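The structure appears below as structure tokens.
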């Protein structure tokens, strides 16, 4: 009949797993949001409602909680890799798995100047992410690991310009040599190996992002993004590609001249919508194939 | 040095344009959220901060508002096509454009049984979407139009089963022959032509979605999705592909037996997280190439 | 010591109860969000951690689900009254109860022109609310019922003015004789009796709100709100008081003159923040005492 | 006619003011969300649409931005007091003003171990709040200042119990001697004077909250809240009253026994809804009258 099933996946999204390590009086906490998705030949389920190849999304959820105990959550990359291999290697019909993890970070409460053993305050800054894709079985199996962060809100009050841009008859923007630049960054970096000390790389990449945002004298958000990506690639030879998405959170100089007040980039209206949206990939020219590693679960269609 | 710029785009997101037609006492309203994104060789902006090829995102915003007057918003597909062609055809460095539009629908206030001329109540049901991609210039120019909807929340209180699924040692789910099935549907359909009466197709596709959700006796959400996609393709020969993303909003039968109460699928807890997430493509086997038409703006990296 | 416990309450918020009536093939659905809160002398729990007077919030949740079966959800006001009486009359330490319910409305799917028996589409328009307060026991028991709605988004494209306002040295607003007026209304109305046909009153009040918004030629949002409240009180003698909160969702006429385009109230930018916020009470001069009926649960401190 | 205007107020909500101090190369930032609301006899506006006593909400907005320059934002309490006095003292019809401010905190970017002069990362932890009420003119003028915070998410992995509670026939909760306790705290404290070093008090109160949450061995969230309030009152004699609202973010021990795994409070599901909601006031027995100081703007009706 000519109508066929195309690309598809299914899974469980937003399992809110909290893991407490309490082997000593000084407890540790890992607080994560896990999504799992399976890929394979599930045409019987779609065409005939035949579930014999379908591992229920409930089972995926149970596995996510069980693995928090069995494998632990040393790092979200390692935990997600274990989950992905479990689904692909243990279920004949599953040909690929996508695991997406968000991690919320906590800092210890400080009491009388001392870190508390079992109380934390949620940090609330950026969310760390890991996106794992495993495809195929046995010797043909391929693995992709993408680290990342989102909701990292940064702002610089000077050191940013924007001028000499293309103009047409709808162009009314004034050029500027000094503006506020602010964004809520999403950044993702693709590894070429799993032989990585994940807990060392993550804070180092975050530090590069913050430093480059601060120190690049920016002629455009595009330039800042490229410099961030380049610096990450230069620092870590086993990172092949960096993707960045940066809303330009507009801070408009508020017109106070009507009230006889000078406003030399001192008072701004932080506007919600619309916002600029700058998105770029920085990559090695010999980066290995990305395969399906950038195909998301929750944002698969949106 | 081996570090290069990869895929990139930039634009203005979430322009909230409201257009009132007031040529007669009976006004009309169009209420939309517009995103624009340009693609092309913007490497100078990324590498050197050179903006000479960069049409500012502010200009893109101005154009969106100006076109609401100049071209009008007869349908979001037509309006978005005009915007896309404007950016690509009028700016030498722009090699492609992506326009994403959301439309919020309103119904007329009814006063004494009569529809009011200039007052509306927002309907609040699904959001209609259009995603337009134009690539290339002149004879090589290609156009893709994707219609869609999101946030269509549907529920059936019977006529849904789930059993005979794959089991492993983490499987504890009980099979069921009668359950509540509910989802908040995202659906997108790709046209093969722009010679379409957009205002006729949209309600017809929505109606097919609702009817199929209601009438397919479902052995799995996968089966329902496939039947929906198939029916859309059968109804419209100029639609080549349908993508569907459906969270399975779990309605758990509440355990009232502890209180001596029978609960024969009458009282449910509607749970927020986690949720199943079923995603499928239904396509013609001879569908023309999708090109970059599924590459989004706002969800480019998420 | 001079430090004492003041006003307090505790309960369970946001129980998402869905009730299906399936006594005939034509099912019915009630979809609600229930909050319960108890008031009384709970000082032992606060001062000494002594729970002997504390009915757990988990028990409150169980009761909400059990009552969906035992008492049913004919109307949210009736269901909430039953819950409130249960908590106060059945537990000696409980001196008062506050029940807050939100109801999400659904419309039947239409298949081949006929309403479907067991499939619905969520309407998505306003949310209906009920806030019940019961205080005291036996002959001294007092009951307050507040009906309401929220998220009712309305817009009129003409018939609204704003001018001749107070001015000071920071006033730069231009007066207008024709503007768009739009709001997302919250309205609550207080009954003086429980002998009410709740399912009749609610749609009638909503209809009054929409009609008055449409037909009052408005010199200010304040005037529209007062006329709405007045009309409700005139229509229902057993409603004593109406409270309304209305964000003024600003629709700014977009400046197209820079592009040689006329914009005669045709193209607007719908701005998010900031917004005007107009709040008013319309009451009978002999309204009975409101007691604690306006003291909320979820918004108790915010 | 017996239908009259009751309690009312109007203003501008959510002005997003960002203030940069750039008098030296080391810039400073204040990032706030300001709401203003005026109270007085505005019956003419409501009854007749007569605006002559109405200072536009747009003027309130302009004043908020102008004062960010003229008065500065040393602390949100001081800035909001200046705004409130401005509205009441400068406009004859305005008899009272309510100013609500939220402050988002930033930390300096660190580059090569040194704090950067003009780049910050948003901290993202709690939001600081100030609610100012001024009522009356001249010698009769009264002022109330409420400091506060919201969205402070804390968790302790042990040191919390809940047992020996009241039981009825719907009680199925198991008592526990060791559970996770977590909340997203809202706390507000009312001052009896404006002669306060606001920048010193705020971090001190926050520290008390965190320390008490950590160190009180809790038999109920109620007990923890009371101890927090009591400690704040003991530390600051010019604070008269503390109000706390604490959702009990349930962390359910996940049942892993089905998989032969022990779960000794190690793996939890963090549930979204429903949640317990515990709310308490801790006050001095001789606290001065709170007047209208707890009547909010944005949450006036919700």
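Letters A, B, C and D mark the chains in the order given here, with residues in each chain numbered from 1 onward.
We take it that a residue touches a chain if its C-beta (ideal position, glycine included) is under 8 Å from a C-beta of that chain, and two chains touch if they have at least 3 such contacts.
Predicted model, so just to flag it, every value in this text is computed and none were measured.
At the far end from chain D, in terms of centres built from Cα atoms, lies B. Of the two chain pairs examined here, B-D and A-D, the one linked by more C-beta pairs in contact is A-D. The mean-CA centres of chain C and chain D are about 23 angstrom from one another, to the nearest whole unit.
Separating the CA-averaged centres of chain B and chain D is a span of 38 Å. The distance from the centre of chain A to the centre of chain D, with each centre set as the mean of the Cα atoms, comes to 31 Å. Among all residues of chain A, those that touch two or more other chains are 15-16, 62, 66, 170, 172, 258-259, 272-273. Touching chain C in their complex are the following residues of chain A: 169-170, 172, 258-259, 272-273.
On chain A, the positions that touch chain B within their shared complex are 2-16, 35, 37, 42, 45-59, 61-63, 66, 90-91, 93, 150, 162-168, 170-173, 186, 188, 218-220, 222-223, 225-226, 229-230, 233-234, 241, 243-245, 247-248, 273-286, 296-302.
Within the complex formed with chain B, the residues of chain C that make contact are 15-22, 27, 29, 31, 62, 65-66, 68-70, 106, 109-112, 116, 118-126, 151-159, 180, 207, 210-211, 213-215, 251, 254, 256, 258-259, 261-272.
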